[in-house]
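Here come two complexes built around subunit A, the first alongside subunit B, the second alongside subunit C.
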Partner chain A sequence: MSGADGFEVEFVDRSERSARFLVRGLTPALANGVRRAIVADVPTFSIEHLRVVENSSVMFDEMIGLRLGLVPLTTPLDDFELGDTVTIALDVEGPATAYSGDIQTSDDLVRPADDDVPIIQLKENQRLELEAEAVLESGKTHAKQQGGVAVGYRHLQQTVVAGDRDEFEDDDGPQIVRGVIEEGAPEATDDDVAEGDLVLTDSFGNDLRERYPGKEVDVEDIPGAFVFHVESDGSFSVEELVLRAAESIGSRAVELRETVAV
Partner chain B sequence: MELLVIDKTDEELRMEVAGEDHTFMNVLKGALLKTDGVAAATYDVNPEQSGGQTEPVLSVRTEDEVDPLDAVESAAERVEQLTDEFADAFRAAADA
Partner chain C sequence: MMVPVRCFTCGSVVSRHWEEFRERTREGDEDPGTVLDELGVERHCCRRMLVSHRDLVDVVAPYQ
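This part shows the complex of A and B:
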C-alpha cells in the first residue's frame, strides 16, 4: 500500500452534483473501499414511515410511500445522528400534480433536494394528505438512503503511439476508450496538449482513431491511478460525500485499533 | 464493531469482526499484507443465506515473533493514516 509519498488528487470535471477526479497512489483495495463507503455507508435522510390521512388518488398508499421514499432530501450530517427522524407533511388537492416541492418539513435543514419530482397526478375530487417520518440511515439498509448515484472508478490509461497504421489494412472499426486518458503522444494530435495532460475521452467521441488519425495506438493502465466518477443525489455535495466515506473507513480503523489495544 | 477471537496462538489469529463487510475488511487485509512480520492475511465472509458464519472472519499468520494482535493494531493504524492522507489530499484539490 503506497502512501509513503502520499496521494495526489486532481479534479478533471466538476459541477454541483457530479465530479470526476483522479487519485494517484491508491491501491485497488482502498479505491474500492472508498467507492463502497460512498454507496453504502454515508447516510442520508429518506421518507420511511407514512401516516396517511386521506388518499383518494388512483395509487395505493404503499405506492405513494415508495415514491416518497425515493425523493432525495438534503442532509446536514453535522446536525443529525444515525436513526434521527424528521417529520414531514404533504397536502395536495386535485386537480393538480403533487410535487416533491409540496412537501413540508419540520426542520428547515432537511428539505427536498429538488422541487420538481412528480409524486402523483390528482384529478378533480382527489386528495392526498399525509404525515411521514424521514429517517437518517445508511445505504446498507435501503437503496433510497444512498447519497451517491452512479459511483464508480476506472484505471487511468495512457496512450502510446506504436507506429503508423497500415494504409491498406482492413478497417476494423473505432477503437473505443472511456473515461479519462493521460496524453502520451501529444505530437500525434491536433490539440494543443502537453505530454501527461488529462483528456476526457468525450472530447474525441471516445474513439482513439479520431484523436490519432492514421496511427496505431496502444493503451496502458497506469498503476495506482484511478479516475473516480461520483454523482450525488443532492443530499449533500460530492466533496462532502467523498470525505465522509473516507472518514467512515478511518473511524472503523480507529475503533479496531482501540479495541485490539485493550 | 464486535471482536471475537476464535483461535489465537503466538503467530496465528482467527478473529470474527462483527458488523463489518468487504468495504473495511478488504482495506484492512491490504494493509495487513504490507505490515512488517505478517506472513499471511486474509478474511472470509459468507452470504446471509448460508445460514452459518455470516460475519467476516479475519485470519492472520505472523513470523519473526510478531504478535498477530499487534500486527492488526498497526495495520488499523495504517488504514487510519491512509484515509486521513486521502481526505487531506482530496480536500486540498477540492479547495484549490
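This part shows the complex of A and C:
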C-alpha cells in the first residue's frame, strides 16, 4: 500500500485487536503525531454518569462507577457524534457476580466489547441496580475514552555483519534487539530470507547472537522508517483506529492551512 | 478487593483473565508464568496485575 505523498505502509502482524506495521517516509515528529492522535483524538464510548437505584454490595457507588467506566464499549463512529450519549442499565442480585455482559444498552450498536469483565461479586441479599449514561468523548478528556492501548513505535533497524567474532573473546552475553529488524545479511543466517525482508525478533529470542552465530553484528537505524505497535481495547478494530487517527491529523492540517491563509 | 479492570500502566483489560488465572494457579497447580503466556498476557505490567492480586470481597463481606 502506498500513499500519494510517499508514505509506504506494510503490515508485519495483523489481527482484529492488535497490529504491527511499518511506515516509511515519516519524520520522527509525524510518527509521534500519529501515536498521539491514536491515543488522544479517536473518541470511544465510556460510562460517565451513574444513577444508582440500589447498591448493597461491598463497594461504594464511586468504586463501581470507576470500574464501569473502564469497561470498553463498542463504538461505531459512523453513527455517532462527539458528545452523544447512550443509556445503560445493570441489575444483578446476589449471590452472583455482575459481569460486563449483564449490562443492557439502549442502542444495540453500543455494547460491552467483552462480556467477561467482572464488575463486582455479590453475596446473599446483596443487589446492584443502576442506570448510567455512556458518552462519546476523546482520550483528551479521560484515559477511559482512549481506544488505543500500549501504542508505540520504534525505528526500523537493519542488521549488518561487520565480520567474524573472535572465538577467544570474553562472552559478553546476548545482543538484544526488540520488535522488527530488516534483514541486512541473509547469507549469515540459516533462514530462507532475502535481503530487505522484515523479521520479527521474537522468532530468534530477541538475541542477535542466536541468529548470526559466530558473527559480529552491527545494528543501524533506517531513517524515516518506523514500526508501530498498536492494540485496540475492543471499541473498534485496529484498522479503524489508525485510519481515524490519520484522518484527524489530516483534518487539523487543513484547518491550520485555512486559518492562516491570507 | 475486586481485581482491577485494566492494567494500571498500559490500560489493557486484564480482569477478563482473572478467574481463569485464579482457578488454574491457586486452585490448580499450574505455573503462573505459563498460564499468563497461554492467556495472552504478555507485558510485565499486565502480568503483575494478576500475579500480585488478592481477592478481598469475602473478607469484607460481613461488614457491609
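The criterion applied here is as follows: the second predicted complex is superposed on the first by the 256 of 262 C-alpha atoms of A that agree within 3 Å, B and C clash if a C-alpha of one lies under 4 Å from a C-alpha of the other, contacts with A are read in each partner's own complex, and residues count from 1 in each chain.
Just so we're on the same page, contacts are C-beta pairs under 8 Å (C-beta built on N, C-alpha and C of every residue); 3 or more make two chains touch, one makes a residue touch a chain.
Computed from a predicted model, the values in this text were never measured in an experiment.
Does the subunit A-based superposition show subunit B and subunit C clashing or fitting?
Fit - subunit B and subunit C, as placed by superposing on subunit A, sit side by side.
After lining up the shared chain so the two structures overlap, which partner does A:F7 touch, if you call subunit B first and subunit C second: first, second, both or neither?
Once the two structures are laid over each other on A, A:F7 reaches subunit B alone.
Contacts for A:D233 in the overlay, against subunit B (first) and subunit C (second): which applies, first, second, both or neither?
Second partner only.
Return first, second, both or neither, reflecting whether A:K123 touches subunit B, subunit C, both chains, or no partner chain.
second
What is the contact status of A:A132 with respect to subunit B (first) and subunit C (second): first, second, both, or neither?
A:A132 sits against neither subunit B nor subunit C.
On the A-aligned overlay, A:L90 touches which partner chain: subunit B = first, subunit C = second, or both, or neither?
A:L90: touches no partner chain.
Between subunit B (first) and subunit C (second), which does A:V177 come into contact with in this model arrangement: first, second, both, or neither?
neither
Which partner chains sit in contact with A:L77 here, subunit B, subunit C, both or neither? Use first/second/both/neither.
neither
Please state, to the nearest 10 degrees, the angle that the Cα centres of subunit B and subunit C subtend at the Cα centre of subunit A after superposition.
After superposition on chain A, the angle is 140 degrees.
Identify the partner contact of A:V260: answer first if only subunit B is touched, second if only subunit C is, both if each is, neither if none is.
In the superposed model, A:V260 contacts subunit B only, not subunit C.
More residues of subunit A are touched by which partner: subunit B or subunit C?
Here the partner covering more residues of subunit A is B.
Once the structures are superposed on A, label A:L156 by its partner contacts, choosing first (subunit B), second (subunit C), both or neither.
neither
Minimum Cα separation, subunit B versus subunit C, post-superposition (Å)?
Subunit B and subunit C, overlaid via chain A, are at closest 20 Å apart by C-alpha.
Under the contact definition given at the top, report the residues of subunit A touching subunit B in one complex and subunit C in the other.
none
Going by the contact rule at the top, pick out the subunit B residues touching subunit A in the complex.
So the residues of subunit B in touch with subunit A come to 1, 3, 17, 20-24, 26-31, 34, 69, 72-73, 76-87, 89-94.
Quick one: which bits of subunit A touch subunit B in the complex? Just the residue numbers, please.
1, 3, 6-11, 21, 23, 26-27, 29-30, 32-34, 36-37, 40-41, 239, 242-243, 246-247, 249-250, 252-257, 259-261
Going by the contact rule at the top, pick out the subunit C residues touching subunit A in the complex.
1-3, 5-6, 10-13, 15-16, 18-19, 43, 55, 57, 60-61, 63-64
For the complex, give me every residue of subunit A touching subunit C.
So the residues of subunit A touching subunit C come out as 56, 58-59, 63, 67, 70-72, 114, 116-121, 123, 143, 146, 149-150, 231, 233-234.
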